[in-house]
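Per-chain numbering from 1; labels A, B, C, D and E assigned in written order.
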Amino acid sequence: MLRAVVTGSVWSTKRIDGLPNGALLEVQVEGGTGHLVAFDVLGSGIGETVLIAQGPVAAAWFPGTPPPVDALIIGSIDNPPAAPAPPARRRTRASS
Amino acid sequence: MLRAVVTGSVWSTKRIDGLPNGALLEVQVEGGTGHLVAFDVLGSGIGETVLIAQGPVAAAWFPGTPPPVDALIIGSIDNPPAAPAPPARRRTRASS
Amino acid sequence: MLRAVVTGSVWSTKRIDGLPNGALLEVQVEGGTGHLVAFDVLGSGIGETVLIAQGPVAAAWFPGTPPPVDALIIGSIDNPPAAPAPPARRRTRASS
Amino acid sequence: MLRAVVTGSVWSTKRIDGLPNGALLEVQVEGGTGHLVAFDVLGSGIGETVLIAQGPVAAAWFPGTPPPVDALIIGSIDNPPAAPAPPARRRTRASS
Amino acid sequence: MLRAVVTGSVWSTKRIDGLPNGALLEVQVEGGTGHLVAFDVLGSGIGETVLIAQGPVAAAWFPGTPPPVDALIIGSIDNPPAAPAPPARRRTRASS
């Protein structure tokens, strides 16, 4: 899967049959691999970090005849858990 | 899916069996990932921004035996909605 | 699909079972995405510009059990049609 | 398959149905091809070098309906076998 | 398919079920597209130039349930046929 950040929405009125109704979101893949448009059923918002599955795996997720969808947002990535607080200590000049 | 702009047509008279009759369009993927040739059933024109599905997902869209097509235009991207007009205000010299 | 130019042939005597007899051609993908080796049933020649389908779509084209082939030349790209002749006109010095 | 090094974990509470419970690990592909998130059932740890299978092959490994998983850690790469010991020799000052 | 040169072996003792016993070889794809690990049933050796099929096509080659293998060496590339001998001629000092 790819980590990506949602950057916008895409609207397509003129479309082929079989494309599910739902959100098409533009995402920026982390690490510079470029932009994708992914199908979203989770209500993801702009700025959200998500996981993308690609290829036939994305289409096979839908019930019934697989739609012509090759990228699907499969989850939203939780914020990293807060780092445990460091043990309290006094800073001394020696440590600076 | 990939966002791409149609840049031309491709003609292939000498072709293998099973390739559907239809338009083969050359597209430029946005963001510099290169050129593809995609099958089109929507009558897309040069300069149009489209969405491309790739791989077996593209072939599976066709009824009957999947053809040897690994890229399909699944929709035309609507123009972005006009940005809301900014609140009217007088420009002053101070803002220049 | 990818546009590519045939650059040579590849011979493989030591090969796994199930690889069809036929031409394995080396192709240079247009736009710098690199080299591939594609299966050819069209008798394509060196220097010819072809269309390549990749992945399971290529294997599924063969009758019977899909062979371990993930790139197939699906067509030869015709020469671009001659541009329409410009309207006859006399060239004058002013246009040079 | 790709060689990669595990660099962290990814948590996703808001996720689509059908995604198996299990570890989602962030990996860095060797050779600079970027980051992936792969499903792990082997208990791989940070810093471990693993092998990744991608695409439908990853999803097909799971029993029952293939989940929307397109990258799977299929093995941990053993440490390279210790190089054969060089012939015993006395170190001299000259070698220091 | 990709042309690649075998550069080493990979051992994985801790592995998921369903991975066939056999050689996992590290290969360097020609033209700089990076490293892969491919399954080998041909006894390919280091330095050998091979052809790699990728994706579900690789897994589908195995009898029975497709294993989680997404890259398979499908053949060894023969040495290029010797170039035809140039017409015999005497070398003169001038040509040195």
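Please note the rule applied: a residue touches a chain if its C-beta (ideal position, glycine included) is under 8 Å from a C-beta of that chain, and two chains touch if they have at least 3 such contacts.
Since the structure is predicted, the reported quantities are computational estimates derived from the model, not experimental observations.
Enquirer: Could you run down the chains that neighbour subunit C and subunit D together?
Expert: E
Enquirer: For subunit B and subunit C, what's the span in angstrom between their mean Cα positions?
Expert: About 22 Å, centre to centre.
Enquirer: Could you please state the distance in Å, as a whole number, between where the Cα atoms of subunit B are centred and where those of subunit E are centred?
Expert: Roughly 36 Å separates the two chain centres.
Enquirer: Return the residues of subunit D touching two or more other chains; collapse runs of consecutive numbers into ranges.
Expert: 55-56, 58
Enquirer: Can you list the ring's chains in order, from subunit B toward subunit C?
Expert: Here the ring order, subunit B leading and subunit C following, is B, C, E, D, A.
Enquirer: Looking at the complex, which residues from subunit C come into contact with subunit B?
Expert: Contacts found on subunit C: 1-3, 30-33, 41-42, 51, 53-58, 60-61, 72-78, 81.
Enquirer: Going by the contact rule set out above, which residues of subunit E touch subunit D in the complex?
Expert: Touching subunit D from subunit E are residues 10-16, 18-19, 24, 26, 34-38, 55-56, 58-59, 66, 68-71.
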